[in-house]
Amino acid sequence: MNCNSIGKALVLTCFGESHGACIGAVVDGCPAGLPLSEIDIQVELNKRRPGLSEITSPRREEDKVEIISGVYRGYTTGAPICMIVWNRDIDSTPYESIMIKPRPGHADYAARIKYGGFNDPRGGGRFSGRMTVAYVMAGAIAKKLLSLIGVEVLAHTVQIGSVGVGDEVSYDDIKRNVYTNPVRCAVPELANKMIEEILSAARDGDSVGGVIEGIALNVPAGLGEPIFDSLDADIAKMLFNIPAVKGVEFGAGFRVASMRGSEANDQYAIRDGRVITLTNNAGGIIGGLSNGMPIKVRVAFKPTPSISRKQKTVNLETMSEEEIQVAGRHDPCIVPRAVPVVEACLAFVIADHALRAGKIPRVIKT
Amino acid sequence: MNCNSIGKALVLTCFGESHGACIGAVVDGCPAGLPLSEIDIQVELNKRRPGLSEITSPRREEDKVEIISGVYRGYTTGAPICMIVWNRDIDSTPYESIMIKPRPGHADYAARIKYGGFNDPRGGGRFSGRMTVAYVMAGAIAKKLLSLIGVEVLAHTVQIGSVGVGDEVSYDDIKRNVYTNPVRCAVPELANKMIEEILSAARDGDSVGGVIEGIALNVPAGLGEPIFDSLDADIAKMLFNIPAVKGVEFGAGFRVASMRGSEANDQYAIRDGRVITLTNNAGGIIGGLSNGMPIKVRVAFKPTPSISRKQKTVNLETMSEEEIQVAGRHDPCIVPRAVPVVEACLAFVIADHALRAGKIPRVIKT
Amino acid sequence: MNCNSIGKALVLTCFGESHGACIGAVVDGCPAGLPLSEIDIQVELNKRRPGLSEITSPRREEDKVEIISGVYRGYTTGAPICMIVWNRDIDSTPYESIMIKPRPGHADYAARIKYGGFNDPRGGGRFSGRMTVAYVMAGAIAKKLLSLIGVEVLAHTVQIGSVGVGDEVSYDDIKRNVYTNPVRCAVPELANKMIEEILSAARDGDSVGGVIEGIALNVPAGLGEPIFDSLDADIAKMLFNIPAVKGVEFGAGFRVASMRGSEANDQYAIRDGRVITLTNNAGGIIGGLSNGMPIKVRVAFKPTPSISRKQKTVNLETMSEEEIQVAGRHDPCIVPRAVPVVEACLAFVIADHALRAGKIPRVIKT
Amino acid sequence: MNCNSIGKALVLTCFGESHGACIGAVVDGCPAGLPLSEIDIQVELNKRRPGLSEITSPRREEDKVEIISGVYRGYTTGAPICMIVWNRDIDSTPYESIMIKPRPGHADYAARIKYGGFNDPRGGGRFSGRMTVAYVMAGAIAKKLLSLIGVEVLAHTVQIGSVGVGDEVSYDDIKRNVYTNPVRCAVPELANKMIEEILSAARDGDSVGGVIEGIALNVPAGLGEPIFDSLDADIAKMLFNIPAVKGVEFGAGFRVASMRGSEANDQYAIRDGRVITLTNNAGGIIGGLSNGMPIKVRVAFKPTPSISRKQKTVNLETMSEEEIQVAGRHDPCIVPRAVPVVEACLAFVIADHALRAGKIPRVIKT
């Protein structure tokens, strides 16, 4: 059954494999008349490209996008937009054995059961973080659509291992600092500590996890749908589709469990003639609808499962216990490269709902 | 656009309002030949019924289900199953004013923007926790389907305010104890502390939040779909569609952020000829697929937003700041009544994926 | 899998059985603020009600609609609208045997294979023409939505057996005459011949087929979507979901096969400052899009399969050949009662596309 | 909104433009383990390739398919299969003016209204018959899936202009003869008359229409879903998505209108221990379900709208009436090249329903 498409008004279909010919994204439902070129997409892809620094995988992918449909003379046509990144720097030799000896923390075992051994194992195939290239390509279009109505989407690393950022970071700091350091942290002095946390894990042949916060500013109130297409539900679904995500929380998140209503409720006030709330424990979404305050979501990423340390696994042919050391080129921490992915996912879902709500016209006249 | 249906192989469509004529659920895609009667549904509904104890709302709804289609001579026919609970004990007087003075923590303001004031405000209309009656009805069918393949779904309260349950609760304790106390806690001695936590908040005219853990046992490996219908993504989406949910995490959840890979990875072993993992930090789902271990998900609920304490709000007609004290009948803690809802949501999504995967036949021969 | 919902912006979910408790329709996606009462629905239902004259079945269903959700104080709320017609005049005795001896021309045999014998056989269950009560209820809402943008939907009987209406009938004749005679023919003198055609078949214990033409006036140009949601494709799909339909054609339809391009092409001209076509062989749809001319579609209905004449069938238990005489109450010609159903289907699809195209606002201010 | 995907278990997403970079098809939901190579697709594409004879357009497209995802070591992996045909022989000069002066019989005018002039006009853009390359690619996969359960799909030309084939053609004649003549007619002597019909139109600077019959053999009984995913409704929808189709009928089709029930009903009998019907007026589908008899559907195609004869049109900028002579390279009759397209559409829908019904396993073991 169809599981490679998401969205209702703006629909992303993703194809391709980590070590196959390409990663592809088809975006359907984009209004006609949006100025769009490969540069718009490339800018976003460059944010997640591997090979950026000593803390990331040595795989050197240029990740150069080609738009092969849906754009004519610099404008979207209303037809589906297919974007492709061809895979180049592929070394699939280390993956021969994982069909038999599944790597802990990876989908190898479950995938083998599901696909009877026919799934492409190279680089994790469809289960690779590389799939998020497609999310970023779609997110780039979503961001352009959102910019038409003034919505801005940000993300930043708020935790790597034991190093965490407090709540006091300003939106300006985020905009200014995130892409100036390899860990995508809005607080430069913490960035260095995070880098050290990653290098320390790498030196141990290990990896480390973290948390990313996504933020959307200027979202109009009333986006989202009650019951089964809640804005938070749709955002959460999209984020959990990023490999390695284990938790998603909005606003005060899990802290609400120990709060009282009088503390958790965001009380209303009027500022400059607009309704606002005095706190934002809701993270900008209430009853599944945006309430006009910044949308805030935090996303927990597990440590990269591929580590060079010895781990226990099983041989699925002999059904005996064995050990494994995972070779291949891997980031010791996936979090920094996931920052633009969280941005993309958040932008995509909000753009989908903005289109559903008729906030963006079907033909854009600029 | 359609936002009141969810699922792909098993599809739930929900209709009705908190203080309207009824709450209704249409379940489409249920195989023919499943023995089903109103008692199967009623048993689950009874678990969430209001008016159960001093810690819940005094609204006295019988919540008696009627199956009005899809069942013939005690068996499902393959046609859509419509289940209805007629609303009886309705007192809508307190809700007159909320269209103008939105209640903090409720969807009133966002809904007014979205629907231009036409939404039914009585009891929160579509934004009421009462909508979860539909989830529970659908979940009851899902549970019956899952029982055919040995899958069992549980849920229990693991935190109310400052009172938390540790990780050591056994599945047997959960099965035995959850519905023996009004807070649905698997540890009887903690149940009393939780009750006190709730009563203390109630005495202060306040409310309190909490966390529920959902568990699914004996889920076959390989359920779920990579990329956009990940099992965890679908479960998270369904859970965030429960009003008041602010966070969802699987397995070690947000704790993965401070873990190293060697700690977070669930290493493989063989027990009784079956592949298992030695830990379950993944919560039974990896790469979006079930891995054969118990599925574990934790869900954070905010405190009931309706409290009798004075709060700041605004008058949307005069655009001035005012105060509000929310009348009406409300639970000081929504968590206990959400336990069967979490069960239902978890069961529904797993049943949907089991049907997608062909694990449950289209015609059931018993 | 879900097969009881249709539409993308306006979504109809249908439940119920011919001789079950009810026929139900849930319409999701209707904008808030539409004035709607049961009378609006009842007017349309009355057009298809059985028991209207000597040419229809003696089943006496009042077909009284109840709206049980989605309407508050006379206006739609934006929530799903559930409408129910309770079945009253049920006599299921004649249907005991059809699970074993399938009726020629009915779905009995195929349904038994599909559902393993669990489908509700009474009155044909889900395969009954009575399901179209749900289509008409949804169509009534669609018509109200379309009236907001001036679109008018008509249908009329253009053939019963050997009696056919020529092409020269005016829209005014259709509006004026269709519901003044029991065969829903726009030409009164032909109506009598059609009645005679039906009575003649009935006297022979037989039945007769016919053709209905559906027309939509004032449809704005540009509705529909190229490739897979063509306006004609969606209309055809909806119409083929009416039981007994065997053919659908737009404009010149099958006659285009023997035409040349110079004859079939509708050439453009300008009238009163508007672009029109000089002919309408396209039936108002070209490339899957409305072109601003009247939409015209013709729908072929087979004769009612239930006839009292002896027919050959098989006994599925003994796997031997037998004869059958179908008892029960049946119209000798289904066409007259299908006229409002064709109207409803056409209106529903056009309203869905008008909503998709943003031609009808999400909140209606009247 | 998403309009470029179709199917539920097997989902085709189509992208590309007539004179853009490529035509692409993503097929999602194909089981893992199906042997698949580019040759399987190419064989079907070759059947519809332009430039085949004097009766077709001189556009010389090689139409060479590349599979760029979803296949590993010769087998499908369960991941989405993306197939691309790069456009090569493009001459877009003749299309400059159609945005202003719409061609009669084409979507130019309606598309301009819908897309505000941003749609790609070259070769008709998304409204070109060239889009059916994607249908044929998807159909090739569908045929391979159907072959696993013995289903065979055929199509043949039954009418071109005034030359028609009677009902007596055998399936063997169709299999043997269709692709031996350029008009895809199963009766060789009529093929020549059809060719003459086309050449005669071409000589007049004109074009001609026709009818194609699609047939599916050995379809198991019980495929399809009642109400809104009837097998006939889904087939009709897919066929109406082929440009130029104006009518679709099953079995006796429009002839049922003048039949009596005793004549139209297909009576049951037993042959070789199997239930069959003595006639096949239903065309193999009843109540929306396959009944085990051959599925038969007839599809009416209008004459190619692009003709070199002078036609009336309008200038949309000056809003004045003008004349047009359509240049470019066009088939004088689209029917022959649509034969493999009808095959593909029929195969695709039946494969989708066979997967929905669980008739084809999710992992294919060969």
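Read from first to last, the chains carry the letters A, B, C and D; within each, the first residue is number 1.
Definition applied: contacts are C-beta pairs under 8 Å (C-beta built on N, C-alpha and C of every residue); 3 or more make two chains touch, one makes a residue touch a chain.
The structure presented is a predicted model; accordingly, all values stated were derived computationally and were not measured.
In terms of the distance between Cα centroids, chain D is separated most widely from B.
One simple way to say how far apart two chains are is to compare their mean CA positions; for chain A and chain D this gives 39 Å. Centre-to-centre spacing of chain A and chain C amounts to 46 Å, using the average Cα coordinate of each chain.
Inter-chain centre distance (chain C to chain D, centres taken as mean C-alpha positions): 26 Å. Residues of chain C in contact with two or more other chains: 1-5, 8-9, 14, 79, 114, 126, 226, 357. If you draw each protein chain as a dot and join the dots that touch, every dot ends up joined to every other dot. Interface of chain A with chain D (complex): residues 1-5, 7-9, 11, 13-17, 20-22, 24, 26, 28-29, 32-33, 68-70, 72, 75-82, 84, 114-116, 118-120, 122, 125-126, 355, 363, 365.
Interface residues of chain B facing chain D in the complex, by the touch rule stated above, are 1, 79, 226, 357-358, 361-362. Residue ranges on chain B touching chain A, taken from their complex, read 1-6, 8-9, 12, 14, 102, 104-107, 109-111, 113-114, 124, 126-127, 131, 159-162, 201, 204, 206-211, 220-230, 232-234, 236-241, 243, 245-254, 256-270, 273, 275, 277-278, 281-283, 286-292, 300-307, 309, 311-314, 316, 319-321, 356-357.
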